[in-house]
Amino acid sequence: MKKYWFVFSLYWQEGLQQRASFFIDRFRSCVTLISFYYLWSALLKNRPSFAGYDYSQMITYVLGMDILRSLVFASRTYEIAGDINHGRLSAYLLKPVNFFVYTFFRDLSEKSINLVSAMMEVIGLTFLFHLKVHWPHDPFTWIWFLAAVGGAIWLNFLLNFMVGCWGFWTAESGGPRFLMELFVEFSAGAFFPLDILSKRLQAALQLLPSPYLVFFPLQIFLEKTTRAQLIDGLLIQLFWMAALSGIVYGVWTRGLSMYGAQGS
Amino acid sequence: MRQVLKYARIWARLALMSYGVQAASPLSSFGYLAGKLLRVAFFLVFLVAIFRHTRALAGYSLEEAALFFLTFNLVDILAQLFFRGIYGIRGMVREGDFDYFLIQPVNVLYRVSFNTVDFLDVLTVIPVLGVTAYVIEKIPGGLAGHHLLAYALLTLNGLLIAFAIHIAVAALAVLTQEMENTIWIYRDLMTLGRFPAAIYDAPMRGILTFVIPIAVMISFPAQAYLGKLRPIWMWHACFVSAASVALSLWFWEFATRRYTSSSS
Amino acid sequence: MEAMEPPLIEVRGLSKVFKVDQKRPGLRGALKGLFRREFRDVQAVRDVSFQIQAGELVGFLGPNGAGKTTTLKMLSGLLTPTRGEAKVLGHVPWKRERPFQKQLTMVMGQRSQLWWDLPAWDSFLLNKEIYEIPKPQFEETVHELSTLLEIKDLLEVPVKKLSLGQRMKAELACALLHRPRVLLLDEPTIGLDVVMQKKVRDFILAYNHRWKAAILLTSHNMDDVSELCSRAILINHGRLLFDGSLPQLQARFGHDDLTDAMRRAFAAMEKEEPGLAVP
């Protein structure tokens, strides 16, 4: 176990070395934060609520978006496909390290750096614009919220890992990955709350795992879910976690046997 | 004249070669193309969803707001189409291609900018132009000829500013040889122009007009079409583009000079 | 000696000093590196002077870090010197004037100007436009070079599918399409097997005879030097140690074996023996 924490600290160091690209990633988050702050402020300036959100709730959603994006989406799984295509995977397989766990810790490292930064940005923005955050009234909400976030992190990690495994089948997984990430981001509610969309669109999206990445946890936080909806949602998250775990396991074993057979 | 022909032929050759490289990885290309188009489509879905709950955004109707967004896309995609090569400049410096460019009898900036011509951008700009035409036609008031001209000219002007920004970024990459993703700062800042500048408060609008002229690049053309831009601002736009092009070219010369006195 | 014409390459008192960034290891070093950077001076080339005539094949020898590549870069216009003068083909290289660039070529060891995913032929066509080579001359040159290098059948194959040796040959062809009068070759045989090295050497000799180009090549490889060069310039720690023919080098450092002669020359330099430079 200690070796995985070493991995964690190694990538922390590396992250600091790559200071330029890290700052630029955070810069992007800040710009998104700012532009959406202004958008919703303009829309909610002269009205008490918009699609069921008052100003404080909407702002909280925007801030929550930023934090959850760093937690759920920040990842280095894009390196997996490259590792596979360039034969670097062999080095990992030879070491006394479980590649899956290793990748997860690598991602954790990335997520934690981003989380720290996201929190600073959110706090900064709150003070700068004197924002009123909508805190949960019920202390238990925090527990449900964190549970949902934990599920979201794991879910997205599985999704990303699966996409990384596409590297077993093609050297061109970059394009499809880009497409997938975009689609997931949009359908996760990472740009705007999904309930401003039409009922039909919402229903369609609920069939996917992605709304449970950002939208669902934030709904919990804003206390916009009923007890029943909360339980249902968590169960669906669990379902997707199980389903994706199975799929990832299958894809990984299949891909690995192909990888070995080719002698890369 | 002979020089113009020479540079035209070089561009044609580079474009053909870039196409050859892209054609070699069709899956990836498809993924990126689909992703880009999806991104535009998603945002339009978002806009439509917003207008299900409100009549106006900062005083603009749905079609008008869409025009701002589409102008953003036009400037963004056209800039990428022409200056795509600059995104790869750090790789060129690292791999040694940049050194070859310096030794060869072609303008280095030209060679760098056009080293990659992304045909996906051509494929993306066509539907965007189509939707823009559709939206323009829907805006009440009909197609006022001189408004349309102002729109076209100011969009071109915005493209010139984008040109200057790309050159400055290229110069920075040559100078520091470390800034991997500077161009992304520009891309991220540009996203502030997705919405009409009117949603921003006065200080922010000032920044976007005088400091980082994104409003000039994107909002101005749309405002001009809607007849909401005073002539003095059009002069401002011209001044900004002239000044930024001049400054960035000077910066490029400076960076190249520095590079040739210290590359090791 | 034939040449009554002015030398193609003239170098006088060329010097180059670099400022090198100090990177520090460990996490603390990385954090410190975020805020402050340190530099130190490195003298890569020190007061180097020589002349090269058309048709000469000169070997530029020295260990790693001796200043060979730096000197070559200055002659190509890629680098501006800290002090000193140079004239190549009558031009000051670092002004990078077009007429000068059209008559020069530089091949940098492992770095390639060929496009990886495409056949070499495509990269040839690009250079044709860049160097403004007229079509008939282009076709003739491609024919000659590809015959000499035995790569005629390989031109339509994507470069990534070629072996290292074949790639190097295609690289050379691409670099010479415009029939330059000055060739600067930085480690042209590095990484190649013995058979391929010989082929490349034969080609360089053939090119030299055919077009009377001035060729300056750097190498670690003694065989490159002994088989190709009529003249050797030894450089170490940025300073020019020796400039003369190979027999002279052997005579001076008194050995039958060229490698040993060179080793003695460098050893003498380490001991700071005076009067080493020109015989």
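Some notes on this structure:
First chain written, first letter: the chains are A, B and C, and each begins at residue 1.
FYI, a residue touches a chain if its C-beta (ideal position, glycine included) is under 8 Å from a C-beta of that chain, and two chains touch if they have at least 3 such contacts.
Just so we're clear, the structure is a prediction, and the values are computed from it rather than from any experiment.
Among the chains in view, B has its Cα centre nearest the centre of the complete protein Cα set. Ranked by C-beta contact pairs, the top pair of chains is A-B. Taking the mean of the C-alpha atoms as each chain's centre, chain A and chain B sit 29 Å apart.
With centres set at the average Cα position, the gap from chain A to chain C is 51 Å.
Chain B and chain C have centres, each the mean of its CA atoms, that are 40 Å apart. Those residues of chain A whose C-beta lies close enough to touch chain B in the complex are 18, 20-21, 24, 27-28, 31-32, 34-35, 38-39, 41-43, 47, 50-51, 170-179, 182-183, 186, 191-192, 196-198, 201. Residues of chain C touching chain B in their complex: 18-20, 44, 70, 73, 76-80, 94, 96, 98, 101-102, 104-106, 108, 111, 113, 115, 117-118, 122-123, 125-126, 129-132.
Chain B contributes residues 25-35, 38-39, 42, 45-46, 49-50, 52-54, 57-58, 178-182, 184-185, 188-189, 191-192, 194-195, 198-201, 204 to its touches with chain A in the complex.
Across the complex, chain C is touched by residues 6, 9-10, 13-14, 16-17, 20-21, 24, 95-97, 99-100, 102-106, 257, 260-264 of chain B.
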